[in-house]
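These notes are about the structure you will find just below.
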Amino acid sequence: MQVKPPRPYYVPVANEEQVFKAAYNQGLSIALKGPTGCGKTRFVEAMAHDLDRPLVTVACHDDLTTADLVGRFLLHGGETEWVDGPLTRAVREGAICYLDEVVEARQDTTVVLHPLADHRRQLPIERLGVTLDAAPGFCLVVSYNPGYQSVLKDLKDSTRQRMVAIEFGFPTADVEEKIVASEAAIDHDRAAELVRLGHAIRRLETGGLREVASTRVLIAAGRLIAEGLAPHDAARAAIAGPLTDDATITRGLLEMIDAYLVDLRPDD
Amino acid sequence: MQVKPPRPYYVPVANEEQVFKAAYNQGLSIALKGPTGCGKTRFVEAMAHDLDRPLVTVACHDDLTTADLVGRFLLHGGETEWVDGPLTRAVREGAICYLDEVVEARQDTTVVLHPLADHRRQLPIERLGVTLDAAPGFCLVVSYNPGYQSVLKDLKDSTRQRMVAIEFGFPTADVEEKIVASEAAIDHDRAAELVRLGHAIRRLETGGLREVASTRVLIAAGRLIAEGLAPHDAARAAIAGPLTDDATITRGLLEMIDAYLVDLRPDD
Amino acid sequence: MQVKPPRPYYVPVANEEQVFKAAYNQGLSIALKGPTGCGKTRFVEAMAHDLDRPLVTVACHDDLTTADLVGRFLLHGGETEWVDGPLTRAVREGAICYLDEVVEARQDTTVVLHPLADHRRQLPIERLGVTLDAAPGFCLVVSYNPGYQSVLKDLKDSTRQRMVAIEFGFPTADVEEKIVASEAAIDHDRAAELVRLGHAIRRLETGGLREVASTRVLIAAGRLIAEGLAPHDAARAAIAGPLTDDATITRGLLEMIDAYLVDLRPDD
Amino acid sequence: MQVKPPRPYYVPVANEEQVFKAAYNQGLSIALKGPTGCGKTRFVEAMAHDLDRPLVTVACHDDLTTADLVGRFLLHGGETEWVDGPLTRAVREGAICYLDEVVEARQDTTVVLHPLADHRRQLPIERLGVTLDAAPGFCLVVSYNPGYQSVLKDLKDSTRQRMVAIEFGFPTADVEEKIVASEAAIDHDRAAELVRLGHAIRRLETGGLREVASTRVLIAAGRLIAEGLAPHDAARAAIAGPLTDDATITRGLLEMIDAYLVDLRPDD
Amino acid sequence: MQVKPPRPYYVPVANEEQVFKAAYNQGLSIALKGPTGCGKTRFVEAMAHDLDRPLVTVACHDDLTTADLVGRFLLHGGETEWVDGPLTRAVREGAICYLDEVVEARQDTTVVLHPLADHRRQLPIERLGVTLDAAPGFCLVVSYNPGYQSVLKDLKDSTRQRMVAIEFGFPTADVEEKIVASEAAIDHDRAAELVRLGHAIRRLETGGLREVASTRVLIAAGRLIAEGLAPHDAARAAIAGPLTDDATITRGLLEMIDAYLVDLRPDD
Amino acid sequence: MQVKPPRPYYVPVANEEQVFKAAYNQGLSIALKGPTGCGKTRFVEAMAHDLDRPLVTVACHDDLTTADLVGRFLLHGGETEWVDGPLTRAVREGAICYLDEVVEARQDTTVVLHPLADHRRQLPIERLGVTLDAAPGFCLVVSYNPGYQSVLKDLKDSTRQRMVAIEFGFPTADVEEKIVASEAAIDHDRAAELVRLGHAIRRLETGGLREVASTRVLIAAGRLIAEGLAPHDAARAAIAGPLTDDATITRGLLEMIDAYLVDLRPDD
């Protein structure tokens, strides 16, 4: 169980807050679609704050069993004692339950969400022989990155059609500049340079790149600069390094970094 | 164990209620075939209500073991104590046992249903060394989506031939309009618009789409509209988002949404 | 352990009863080969009745471990206590042990049957450190459907050559008519119609069909008719539905149903 | 632990008894190679009898763990208590340990045999932290069918080169006749007919057949005849049935049966 | 928990110490990229020393479960008692947690690092129902060898973009000479010969070689020489042997060894 | 724990004893490369004897878990009690730990050897939360057969480069003759014949043979001869049988046996 944090810094891009709250009011489940590092986690934290609900986050992975979500029996004093999993706790408390990167979970694990995600709003716990009705305020939220979808790792249609979808992209240059400056504590000119660099990399359409430069890596570069690192070195470590392991592509990225960032380049 | 709910809102499409009750009276098992979101779960809830039987629902998944269905030993006070699974409870109580999305379960799990599904109506519980005769009223019901069938995930013929099959499709426009208006609490004109949109999408024959728009997503769009969202935004979130992650197809769906829904389009 | 039932309704097709009893008297193991729904289970029930032996049935599946057959240790009062599996019980009691759909079991599971199936008639229980001699009357019977055989799922030759084989097919029209009329409690003309329909479908040589119409599905259709359903509707639910999910093949089957069954067709 | 049985009926084919005893005296391990049903198990039983050693037999399978061979901890009175596996018992008692169909076991399981099979004659039991020296008289014997060998299921060379190999084939006609007559308790003319049939089938060189007719199936046919079954019916059940599931090949075998067996053919 | 060692011998190659400390001060996670044997482990040990933090090292492998990192319940006096894993200990103590060869771990295991690697710096422990905030000083460091990357074994982008990357290569000839002489306790001329040999092998661009000669194998050769082995024999055992099993390539390497190392060649 | 045996009969082929002892003195790990049956195990036994260290041997296999090497918790008197694995015992006692056929182990299992194999000489035991420093005298030795290497089963480079390699081949004719005569207790002429046969088979370059005749199989043939078996029969059982299952190749080998061994050939 997580203590509700202060409203995190989140700047809306479109009508995503409106759609989230409408779905929440109707008791519908919500899927957040978008690339890594674009702010999905922050958004859910902001929504939980606005709606005044506890937030339960589960990082999904291939090994996540139904028992990890729902609960299990443990031994205490020679007795098997039931301990709720995070999903069951959220159902009982009426919390927002956020399953991060849900396509990582096995398809069969997501099937246990069905009676909870549709009109029934029920969680059957077979090992206890009970069926819980979700408390008012309970809301199921999942996130995934459509770019990662594959035949093996994909949400089933019967799961998707139980959810309302909100698409996320990167913020506009204006908004992103504000976010980078504020999060990295650097001045706006430096932040604007980093955002221009990020947009230039995104325009490459991932030719050989694994994924485009996210807002997150721009912030990390800014924070290394704030720590006194030369901008070139900071961008190499925080942007080029995470984006590729390929020597040729790295060289291209370093040229872009030189072109976009005004730099004393101490170690060239 | 589930407390029997009030009769859910279910409008029959053909003779499905008649066939179900005939099979029930003869002690035959029943397979419901049809796409996701067309009302199979509601139908079983309505039948359980009409026949006055408790309903035990199991959402099937790849990890569902025989022990999850039949029962297992747990430790209590240093003793191993047997706890019935949902199937065993249904067999003892004479309940309707509904295995939702049964093709998700492993083939071998479904083999344990054989002595129960044919003339024997018996559940052998090997770990207890007993064979239970199903109580009067017990009825085994399974559902699956024929569109999902694959070489790996399929019901065995020896399982299929132990069951009577009822096919489900989407309701006619008239019936669907009534369902959408009633479930989303919107007026009939708006519901008719959504149903026309849904039928247009279904006529696309899933060209690139993963699956057609179900009655369920039309209801979800209606509920977002009821919450004050613009129809365009509501349909984007509840219909286009769940149906595809592809940018081109999304664009096509949004054009259809604009064409079919009268809208002020506040965020275009 | 199963209480011996009254002699089930079984009409012999050829010399299968004679072969079974000769093998039984010689202590040989028996393999029943034949399609699904042709009466193999009934036959074993009848033989157990005639020979006055208890019958222990195990539905085989991919997950069936040696421990499920032979037995395991469970905790009672802080002690691990051995509990016999169904095979061990049959060996001790001199019962007929029937392994239904044995090719579903893993090959390695069937290897534990070898010392029991040949001249040794012994069951070594490694976890107890004992070797049991089968009690007089013990007989190992397995069944499988040769049509399902594949490279992955097949009986090993060293297992097959430890058994005497009895082949099963569907009964002749005369016999099948009697069975359908008796089991479904319908008149002979109606039963004859259903049997003619079944034979017509079997002549299709499963062109696109998964498997031919078994005696079992003809009986199910008869029982729905007995319940008041129109013959067309009954045959659609009990015969066409279980045999295929393909729309074109379904249409062909419905035409055959119309051609063979005299029907008022109330819902066409 | 098995009580030593009386010398089983075994007629030597070549110098196999001499080689076995020489290897035994030298403390070398032994591999028996040959088709199914040719008498390998009987041979080991006879050798154990002649050498006056207890015989511990393990039927190998894909699921056989090292713990199944060596031993494991079980709970007794709240303590974990070690229980020897069959291999460990044989090592302590100086028994002959016979691993039947050893290629069925996983390669890694056979690796634990290495220190036992070579000059060390030691069994390290890692879970106990001890290394046992094999008692005098201990002898490791494995069997396999070279015809089953495949890339996946094969003995490693480092295992093979730790063993002396003895090849088995079917006995000569004379010897086989004597065995069939004695084991099935039928007269010599009938046994000679069966053996001639068996040799004819073996000459087919398994064209489409899975494996040739073993001595074991000839004995089974003889025993059904002794029980009063017509020779044709007996051979169909005990020879043709186990050898093939193919309709065309079955027809060919039935013709051979008619040609070789003088028969009243009561059910043709 | 590891006691902090004295500063290990580490000679910086570029600005890697500066980048590490900037990222550390900003609470960012760090990925070390580079070939095997180039000094990544030493570098982390030196950083932990300079920053005065405890160092917790985890060698990753395919079998490493989330429980191995986070902790598990063990039985003590009949109670299940929680025991922290190395990651949890590092989070509580504010240690540097070094996951060596992180691509060896399953992708799903690395997903549990996400909330810890980004702005949240939190470790949710689902089995305890708590979420830990990382103590000040906690720093997540991972290492991997980009040359090993494959489709199956690769860091996910959502993991990579949560980290700052530092690239490692082999040191310059000058620096490497100093390292080899110091670590192997041999004179500088011999060390220089070994380094020239190493550079020559690296220039082969791994034509048939599995990987180039690392600083580590040069040091090992030096240590064998210090032990009195002829240089030729030392280089054969420490350089040629680990780099290839191929006879032709071995011959080529031995010729290079003869050409670069002044040797009495006692065993040629 | 093994009691140190008397020095086993081992005749050195090249400088392998010198290299081993130099690496041992430097605390380096050692990999023994060579075909099966060439004396690697004997060599390690001799080295342990000369260096006066206890020897802990682990036969590696695919199923060997990290817990099998390092240790695990067992239940004693209701408490979980830690029991050291063989690797941990060797680390504590300063023993030589010999991992036989290490490529059989899963790659991830070998990763736990890394901190032990390099300059750290440490074994982190995550389940105890401790890191052990290897006692003086501890030495890690692994063996593998390069001929078995495959993409799936191979030592990782990061493991290989942590080790010094010693290559093994078969001894020269002179040495091998002495070994065969001494181990099998036969006269030198007979031993020379067997060695000439072995060399002839090795010259075939394994055309169709799985592997060449090792010193081990020559010794086994000698021991059967010492037991009174005709040389032809002994060589057939101990050499031809283990080397092939193919009828044509067997015939070729038998001709070579006849040509090289002077024999009375009692059973031809």
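We call the chains A, B, C, D, E and F, going by the order they appear; numbering starts again at 1 in every chain.
We adopt the following convention: a residue touches a chain if its C-beta (ideal position, glycine included) is under 8 Å from a C-beta of that chain, and two chains touch if they have at least 3 such contacts.
All values reported here derive from a predicted model rather than from experimental measurement.
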item	value
Number of steps on the shortest touching-chain route linking chain C and chain E	3
Set of chains whose contacts include both chain F and chain C	D
Any chain that touches chain E and chain D	F
Copies chain B and chain C touch via same or different residues, half shared test	different
Remotest chain, chain E as reference, centres from CA atoms	C
Averaged-CA centre spacing for the pair chain D and chain C, given as whole angstrom	30
Whole-Å gap between the CA centroids of chain A and chain D	60
Whole-Å gap between the CA centroids of chain B and chain D	52
Junction residues of chain F, two or more chains touched	75, 78
Graph class of chain-chain contacts, one of line, ring, star, complete, other	ring
Direction chain F, origin chain D - full chain order round the ring	D, F, E, A, B, C
Residues of chain C defined as touching chain D within the complex	14-15, 18-19, 22-23, 25-26, 28, 31, 33, 65-66, 73, 75, 78-80, 106-109, 111-112, 114-115, 118-120, 124, 126-127, 129-131, 146, 149, 157-158, 160-167
Chain D-facing residues of chain F, complex	1-2, 36-37, 41, 57-64, 68, 74-78, 83-86, 89, 100-101, 104, 145, 183, 210-211, 214, 216-217, 220, 223-224, 226-229, 233-234, 237-238, 240-243, 245, 267
